[in-house]
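In order of appearance the chains are A, B, C and D, and numbering begins at 1 in each one.
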Amino acid sequence: MRLTRALNPQTIALIGVLTINWLLFPGFFDISWQDGRLFGSVIDVLNRGVPVAILAIGMTAVIATKGVDLSVGAVMAIAGAVAATMVTAGYPAHLAVPTALGAALLCGLWNGILVTFFAIQPIVATLVLMVAGRGIAQLITEGSIVTFADPVLIFIGTGSFLGMPMPVIIAAGLLCVSVVAVRSTALGLFIEAVGVNRAAASLAGIHSRLLLVSIYTFSGLCAGIAGIIVAGDIRGADANNAGLWLELDAILAVVIGGTSLLGGRFSIAMSVTGAIIIQAMNTGILVSGFPPEFNLVVKAGVIILILLMQSPLAGRLIEARRNSRLLSGKTS
Amino acid sequence: MNRSLRPLVATAVIFALAYAASALQYPGMFSTRVLGNFLTDNAFLGIAAVGMTFVILSGGIDLSVGAVIGFTGVVIAVLVSWYGLHPLAAFAVVLVICAGFGAAMGAAVHYLQVPSFIVTLAGMFLARGVASVISQDSIPVTHPFYAAVSQSYLLMPGGGRISVIGGLMIIVFIVGALLAHRTRFGSYVYALGGNTTSAQLMGVPVARTTILIYTLSAVLSGLAGIVFSLYTSAGYPLAAVGVELDAIGAVVIGGTLLTGGYGFVFGTFIGVMLQGLVQTYIIFDGTLSSWWTKIVIGGLLFVFIVLQRLVFSASSVRARGFWKLKHE
Amino acid sequence: ADLTVGFSQIGSESGWRAAETSVTKMEAEKRGIQLKFADAQQKQENQIKAIRGFIAQGVDAILVAPVVATGWEAVLGEAKDAKIPVILLDRGVDAPQDLYLTSVASDQVEEGRVAGRWLVDAVKDKDCKVVELQGTVGSTPAINRKKGFEEAIGGKANISIVRSQTGDFTRAKGKEVMEGFIKAENGGKDICAVYAHNDDMAVGAIQAIKDAGLKPGSDLLVVSIDGVPDIFSAMAAGEANATVELTPNMAGPAFDALEAYLKDGKAPEKFIITESKLYTPADNPQGEYETRKGLGY
Amino acid sequence: MDHGGSGTEFVLEARGVSKIFGQHRALDGVNFGLRSGEVHALLGENGAGKSTLIKILTGAHQPDAGAVVLDGVSVHFRDPLEAQSYGIGTVYQEVNLLPNRSVAENLFLGHQPTRFGFVRKSLIARNARALLSRYGLDIDVEAELGSYSVAVQQIVAICRAVELSGKVLVLDEPTASLDKHEVDRLFDVIAKLKADGLAIVFITHFLDQVFAIADRVTILRNGKLIGTEPLAGLTRTDVVRMMLGKDVSFVPAVTGIEERAAGPAMVEFDGCGKAGKVKPFSVSLHKGEVVGVAGLLGSGRTEMARVMFGIDQTDCGEIRIDNRRVELKSPAQAIAHGFGFCPEDRKAEGIFGDLSVRENIIIALQGKLGWFRALNRDEQMEIAGKFAEDLDIRAHSHDMPVKLLSGGNQQKVILARWLATDPTFLILDEPTRGIDVGAHAEIVRTISRLREDGLALLVISSELDEVVAYSSRVVVMRDREMVAELRGDQITPSVIVQAIAAQPEGETA
């Protein structure tokens, strides 16, 4: 039982991608200790996978409620822009970071209100901020890349703790906190209930509106954290490019992780695994030396493979074989 | 008036009002020239949006649209410029390729039961990817046929032009509307959007219909790619990035529900025109910075959606009465 | 002399382009030209729409920074029919030359060559493995800068490009790709130089090099293109070795040519090529940084 | 697997059909034969496999073993469309057609007449009107189906199936949401079709209806065939015994349960109502009391319950609990006061299809406890196990998705959900709809037991026998208005029927 659960399609896919990376680049698993931190391709996969992984944490909750949040990329840009402009204007990081997170929170709240109280379909409601949000971010930076030297922000993006890159620590922390929050309280059950049948959830006494608004707000918050990390990483806020198209990667991560876009059952940890799979693939392309024009084709191929593996069809084929065995076993 | 037509009429009225308001501010916008430009400049978007309408009506989504446009352009350019094929022959070839591509996506959606969002996302990567593998550079198409097409147009009074591609878009909209509202296939599309299980039990050929829907969307994206190629006389793998989002926006602004089952092809036309109007207005204004442009586009999208929401709920509260509001 | 000029800009994808936009606005203001600005958000179709919109409004001239080279014939023809002069900024087009008044642009192939020649001089006869950070796959500057650089190092057996990937012209991707290169090339010890198609990617790469415990500027040479402020501050810190300037002031020469043309019908030169000037630490990087800081990069 | 074209008396036949879902054998070597010109009732407990069998017969499921034989020839229907093309029309259980399309389109979807490839809309509308008028339904056929009540939708579904059935008509619980008048009409139609030589399969849990129209019955239990017999020789008790494998004393014939008006009321709705939905009504309940609510379809019973549960907020009057005035702004508040509500539309408002039986049972309790006081798995298991046992919920595992349970078991799960919250006041809207005789009796018994335990219950039901059996008072609704409150001796089916049918005072027929 334990073993079969560990051997889910996601784990197999991750192992597969890592193995291919290793075949293409034998040094893939080499890890060394350098300047007080771990150093190697595998660490890069984790570190670079962080923004999508963090987005995916929030996105999982949103998708579990049958929604989707297209604005996370833009919200990342906003958070980065706020933090960067504040520190360059001389505010200390301990003020800039909360303000940036607050801005991201507000963005999420806005989405939540549109979805819940205006009853606008999530994909459209968040499309608004996806388009306008990047504009807002650029408005804050006035179109330029705001470079900063604030040590705290830079530490958030590039520092390390116990040898691990700071972003990985933050993501791991967020993962733990959110898994505990949903699984050791009734939150997870409520989220699934609202995603499966919102009308029934309301009748069962679940405050579904409050829950939905909180979840979009949480997704905004996650995007804010990712935005600050990305800004800290390059020591600057690039409003035009930060988080560009990452919403698609985040959704993809969630789906690869096995959460259905139709809402209901979800697993945050699996979504994070999905994010790591995507990054392993990207890093694999980088170290393997493929010409860049093949990047998208490779990506498409891997996605198709993973989805084939996960498809209910595969499950049904297995089931059909088992049933016919069961039945023939009976007659004999 | 038929109640279900109300959102459509509302959208049309919003467009008329918005156009009147912009024309008051910039009288130059009220000319056949600008109207003609609306048609020509949005032809590829409009054609792709018709396909998107079908997909959305059926409860799905197609993210591969922009990539297919880019891919089509590159293939046409390669066939015409490198292999000397006549453009019409090249068009036929790409439409067949697109049909196969769409059918494969539809089959994946149906048989593998993978959400269309993901299938078409993979399709998007694949189409863009193959296009850039074929050529990274933009390839010019120089062929007398292209010149002839771009020089043929209907002159309207006031100097406006209805170009071949603008006319083609109108034809696609008419055919699309007939297909959606007047054929069995159309009713199957709505049936899928209403409730797939019911549709299946009622005898709708779900597999065939799903495959046809994505085939139609891909073929129309291919046609949009042909139009784009005529529009720019070139093929470029990065062409039409993000057009799928514009198309989704047009469909939704046009009153079609993203959850499927409700909407009109003609609404999409108004949606496309509204987006064209917003862009033209911003250009006439000419003072918006890069960022204000984005903010204003997002803001207007918001306004249109909210307006529509209001109209839609106004029309449903009264007529659906007491027993449908339950589901809140 | 109240001129109205429409300007169709590609977008705001890089620091350099933001600077070009703001310099263009400043130049217009300086001359009392009313500038109608349209941001195309990276899409050619939007640029065509914008040009059509400018024609419908009857502007006096149009500036375009074309996102791709192809596909302009029809719309430029319309501008010509409407007798509106068009000036191309910073990138060229594949269209008959009579369709535009002039083109103010750098020679992107030359930019690549300048960078390449600098490297050839810098490494002399030493063996040098170069990693290349390309711009957006398929964009003209990426294609041309690659070509120019390869030309310049062409005859040299000791210099070779060992890895080349796209960094999408952004810092973040530049950093990520460089990290990959470092891992793939023996912790970066085998790499002798980085060539980035723009400074933003180079800035990202410099950070990746530092993170790997190597010294950019000495362990690995860094050469790139654009001349944005941040690369000068890196140069001042000894972390970058050379950049090829791409001036954001394309509009100045363009407006000069336009004004002369409108005044006495003097057709300007068809191609006004801006200088692709090489800057190295010898060129007072700190001073360059200060002068550029306020230009909206 | 081909059984060849040997002559047979049956139009449609299942031979040794088996179907396995996951680990569960829903059908096990079942034989079933259908003759022309007969009404064949298919009976069995909830979850016996009736719906599964007809889904296999009509191409909606594929059998894992065995064969479907049409006119003596083994067939493999790929999908319902193919079955339709052979003249098999079906009303599936709980399928609501397409709420987003017009009535006319729902009737003719898939075989709309066309000209030059275009659908002939006006012809379809005309045909639709003609078809529906045969059932006495005169509605706008171009309006969306979803804008009509469940009853209307059910009739449309039946019309559609009849229209498609050249040979075989299959009706899976078609009468669950119809009232007597409409059922009678349906039976007239069935009689006519039978005379025309159609073969008709009829599934229901109303034994009266079986005895009214069926010629033969086939009984399934636990996926196995118990037998097929002519109805003529059978009594109700025989049928029930075959279905359940044991005897059941059906609804105890007690009437006139004594009122507990002594002492103060526990909950009082005093002049509550909601404009446009239900006119002001006054109902009060004491501990240990069941108030029945009777009325025709659409008389506003559900709307009354919704106001009572805080789903719709009353816009007049006041609500008192133990003589203290309270506001009910949401179901959550009502639940906090000890209320519970089993909705009528089980699928749309009741069950969480993808969640497990266990989660479906504990969810309201958890909702009451809040986000932080989470029940752990063992606690959940214990609660689910207890109530599943109390209510005899048949699920092979409490971790299986509830959507895989049969309808009756789903209904019991929802009841269990509310019992788990230890309520003081429970509102049940049509709790026995679609439930088999055994479960039906059990639910009626449960209601009585809960009453004895001191709960106050408000039970909406269309089955007057049942209402009479457990109510100490009966509220009658008509035209969204509470028109009578019957007590004591007045609680008999005939008095209730009179109250339902009477014209309001001062009005003439």
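The rule we apply is simple: contacts are C-beta pairs under 8 Å (C-beta built on N, C-alpha and C of every residue); 3 or more make two chains touch, one makes a residue touch a chain.
Per UniProt, the chains are A = Monosaccharide-transporting ATPase; B = ABC transporter permease; D = ABC transporter ATP-binding protein.
Just so you know, these numbers come straight off a predicted model, no measurement behind them.
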{"item": "Chain-contact steps, minimal, separating chain D from chain A", "value": "1"}
{"item": "Centroid spacing, where centroids are CA-atom means, of chain B (ABC transporter permease) and chain D in whole angstrom", "value": "43"}
{"item": "Centre-to-centre distance between chain C and chain A (centres being mean Cα positions), rounded to whole Å", "value": "33"}
{"item": "Where chain A and chain B (ABC transporter permease) are represented by their mean Cα positions, the distance between them in whole Å", "value": "30"}
{"item": "Separation of mean Cα positions, chain D and chain C [Å, integer]", "value": "71"}
{"item": "Sequence positions of chain C contacting 2 or more other chains", "value": "11-12, 18, 21, 137-138"}
{"item": "Of all residues in chain A, the ones touching two or more other chains", "value": "138, 143, 199, 202, 293, 295"}
{"item": "Where chain D touches two or more other chains, by residue", "value": "311, 348-349"}
{"item": "Each pair of chains that touches, named by its two labels", "value": "A-B, A-C, A-D, B-C, B-D"}
{"item": "Chain A-facing residues of chain D, complex", "value": "18, 20, 22, 64-65, 309, 311, 330-332, 334-336, 341, 343, 348-355, 359, 363-364, 366-375, 417"}
{"item": "Touching residues on chain B (ABC transporter permease), where the partner in the complex is chain C", "value": "26, 28-29, 31, 33-34, 37, 41, 44-45, 132, 136-140, 150, 228, 231-234, 236-242, 276, 279-280, 282-291, 293-294"}
{"item": "Residues of chain D defined as touching chain B (ABC transporter permease) within the complex", "value": "60, 79-81, 84, 90, 92, 95-101, 105-106, 109-110, 112, 114, 117-119, 121, 142-144, 146-147, 149, 160, 276-277, 298, 302-303, 306, 311, 345, 348-349"}
{"item": "For the chain B (ABC transporter permease) and chain A complex, residues of the former touching the latter", "value": "61, 63, 108, 111-115, 117-119, 121-123, 125-126, 128-130, 132-133, 136, 245, 248-249, 252, 257-259, 289-299, 301-302, 305-306, 309, 313, 326-328"}
{"item": "Partner chain B (ABC transporter permease), residues of chain C touching it in the complex", "value": "6, 9, 11-12, 18, 21, 35-39, 41-46, 48-50, 52-54, 56-58, 68-74, 94, 136-139, 143"}
